[in-house]
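Shared between the two complexes below is subunit A, which pairs with subunit B and subunit C, respectively.
Moving on, here comes the complex of A and B:
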């Protein structure tokens, strides 16, 4: 029973939310609002995919804010912009995704190699990323002038921006990786019982680093998307997104203790948060109050998912 | 040192001697670069700039000694600054105790949620961090709240005898009071026992839940006091006033040699750690390094110090 609630509960909550807002706000049930919803959720979806890969290991990744800051500045300096003479276009975007992956790899290597808890290493890496972003910023905000990149957020195709399609493609790819590759399967297994996997002769460390790297790549891509939306590179590009992504994943049913959930679950969580944000704005609630609600939601969602396990968790630090 | 006796000697030596040595080496290096630094006036100014950070890290050290962590302290200090600035006109002198008590309560609530729902402390306090900063934004309307009449906080930003900054005395007093509390009452031994071996402490009949809630309440209280110190020197409260102090505070705790696995550590270590962090910051600007690199330094410092001080015998699986 508890298992069923954890599997289908989030989806039911999403439907209920949609129904409530559809009744309360006539504006909510328009096609234009659906477009807004999906466009608004695109960046969060990509960040959450990254966070999910780390969460199913049983680790946590707080580095998104810093990594995204560094990547947002990097991409805005690599494509055609107001500060440097570079105009790398798609190559620049690829380089930035690689930069994100490098940050993720650093988190993974530090966690696995030094045996330091991941919340600590990723907090450190986030600070490093913010520092790199501030150094690159150097007091002058770079404005992106590359029409190809700006088109990602402005041009529409069949009613949706390219960012939405990009997010959907990333979700599909991430789902396939999780379902059909060794990395995806082992990541879930590591979260379920790392010691057993280690005893079976599987090189756990390698897969952990790979999962962190993948997460970093997602943050890099999300930073590119946000820069396309804003039209300039800012240090705070990822502010608050680490936490929003973890909230989305946990609310969707990806377990903080690892081993349960996955991309599909987390995406339900992303939709819940996005619908909640959109609906609350439409019925006139302050965005700051929403942040407060988010802080409470994540604690309760974690509490609810850990409740059935509480006898297994003798010591909680 | 009974608690630490079983540790490998080399590690104990590193953990005990390194922070003090690092502090002295940094001080010597800075003094060599600018001889004026060792004069009483500049040393006191340096100590004054370290005071809010020291107070912020003081209570959080006790949570770390329990084996948990409090990531909400900086956001709570920011909230405290906003509340103090908006309440001072009405409550006058009572505003400071009211804010500090409220922050201690906020800390206690986090502790309660942590023990009652068995949610890892970093998740609870991460949620708390979001909640407190959102409340600060709501209460202030996302703007700086000026405090036209600064009498309620003047005591925290004066120089006694025209020389000694009162904030330094507040910081040292907070440290001394907490250290005395840990030493005179059983709390110190309880906290270390919980951090060192919680199952054993539970079997020995220690009131684990109460100990943890007290630790979080103390952490919240000192966060509130740190917010008061910041209001005293900026004459205003702001919803993100203290946010940038989270990483330096964590750095001060771990650089001092307190292990985040709990059990090993002490308050004086955080004092040394805060000194190291402050000297490094000052040293960087002396060396002409752009302030933008500060954040990178904190990141490296935190990860490096945790890697050096963590007790790996306690964690078979590192999550």
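Moving on, here comes the complex of A and C:
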């Protein structure tokens, strides 16, 4: 029973929120708002996938702000733009995702190799990323002029933006990786009991580095998406997203201690946060009170989900 | 044990990295430290410009203006950036004042927040360095009580909020619904600018404020928020009032995605290059410029003139003042697209030509 509440609790909370907002606001229950909601949640979803891969290991990744800053600047300089003569298009996007992966790999190697807590290494990598972004920025904001990339945010297929489809595809891929590959299954096992896996002869470090690398690639992709939305390379593109992503993951049922949850859980969390931000505006809650209301609902949702488990989780850090 | 050593190594590396980010190329000049006021030779003067970071166009332009003034007097400006961290800002000031001849040092500083100004002023006063602060200071701290704190320059947020509101109201034809995107709600800038909007609305009862929300001065948040507001109010929205250009540009992206670009008027504040370009293209109605390059140059110019004896600090009146700001519209946008400093404004006789009035109880 407790198990089931933990699995389906967040989804039930999401449905309850949707129901309440749908009753209170006629605009909330329109197709236009559904398109808007999925579009608004797309970037956070991709960042949260990255953060989730690291969280299920029992590690934490705070590097999104820096990695996304560097990648946002990089992509806006590699595709057609106002500052450089480059026009790499899709190749530029791939290079930037690779750049993100390289940053993630660095976080992983530092954490595993030096045995430094991931909290510290990822903060350090974030600082490096912001430094790289600052150098690339060089005082002049690059404006993207590549119509192909800008189409990601403005063009629509069947009413939904391409960013929405991209996010859905990423979610599906991440779920498949988690479900059917060795990496995905070992990641959960590492979070559950790293020492046991190590004793059984599995090279844990390798899988940890791979998970951090995947997370970095996700941040790279998210940076491309946000650049397509905003139309220019912005150093602060990822500011605050690390914490938003970790919040979304935890609200959805991925545990900070590792070993539990996963992509599907975290996506429910992303939807909860996105619906909340959207719905509170639509039903007309005062902006001065919105943040507090959001905080109360998030704490309440997590508390309610973990309530049946509180005996088992005797030690909470 | 290895973990501890590794942690230290990483911390050390991090500190080095942060120091490198600061971009300090200190040119410590020796010489005697006891000099009467205003007796520095021009070549002894050390010019320092300190802002949060170089990663936004406004502060980058500020430092650029400082460089241009320094070039005019055959010196170089030492650029300091503190990444929005108050402790780092204080530490940089301490280091700068401890190296070289503090009495011939000129500081043109953007304090991180109101409360950061007090220790900066006290340090500069104690070391005898000339100081100009901009934007932030606590109301009860007055330059007139110090002989080294030449001036505090700021801008009237209520006035800028009102000016863009009036431009917006004019653009929508004097009636209809608008929405407001506020900045971080507990900052003075957000409060003053919004008060300006409300003042303009009070004079135009036929314009209604459909909604007001906060997007924290952030472009990405403004994009999402504007989409939500478009869902909520639809075609009733004739104009978007944003408390800064980043949010205005975010709103513009949302309007573009909704196919309403150019049909809904958008105004902002700051005159960042993207916004000036949007004004030039006609997708944005207006923005306000505080003229970053002028801000970067004028503080150094004031200090330079005081240090060389060409400006008597005690005679400056008012010492804390609002400076002139400029409404950027389609007509004058081209001249703001490539902001230039006018060297004549940095002459010792013209330093205070942009004063529009004293800061209340300043």
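Here, the second predicted complex is superposed on the first by the 283 of 317 C-alpha atoms of A that agree within 3 Å, B and C clash if a C-alpha of one lies under 4 Å from a C-alpha of the other, contacts with A are read in each partner's own complex, and residues count from 1 in each chain.
Note that contacts are C-beta pairs under 8 Å (C-beta built on N, C-alpha and C of every residue); 3 or more make two chains touch, one makes a residue touch a chain.
As the structure is a computational prediction, the values presented were derived from the model and not from experiment.
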Touched partner set for A:131, first subunit B, second subunit C, both or neither: both
First, second, both or neither for A:118, with subunit B first and subunit C second: first
Contacts of A:27 with subunit B and subunit C, given as first, second, both or neither: second
Which superposed partner A:258 touches (first subunit B, second subunit C, both, neither): first
Subunit B versus subunit C as contact partner of A:175, first or second or both or neither: neither
Touching partner for A:231 - first (subunit B), second (subunit C), both, neither: second
Touched partner set for A:160, first subunit B, second subunit C, both or neither: neither
Residues of subunit A at both interfaces, subunit B in one complex, subunit C in the other: 110, 114-116, 120-121, 124, 127-128, 130-131, 134, 137, 288, 290
Subunit A-touching residues of subunit B, taken from the complex the two chains share: 67-69, 71, 113-114, 117-124, 126-135, 137-138, 142, 198-199, 247, 250, 260, 262, 290, 292-300, 302-303, 306-307, 310, 312, 315-319
List of subunit A residues in touch with subunit B within their complex: 57-60, 62, 66, 110-112, 114-121, 123-132, 134-135, 137-138, 194-195, 240, 243, 246, 256, 258, 286, 288-292, 294-296, 298-299, 302-303, 306-307, 310, 313-317
Complex contact set, residues of subunit C against subunit A: 2-3, 6-7, 9-10, 13-14, 17-18, 20-21, 53-57, 60-61, 63-64, 83, 182, 185, 211-214, 218-220, 223-225, 227-232, 249-250, 253, 256-257, 272-274, 277
Residues of subunit A defined as touching subunit C within the complex: 25, 27, 30, 32-33, 36, 39-40, 43, 110, 114-116, 120-121, 124, 127-128, 130-131, 133-134, 137, 139-141, 143, 153-154, 161, 226, 229-232, 234-237, 239, 277-278, 281-282, 284, 287-288, 290
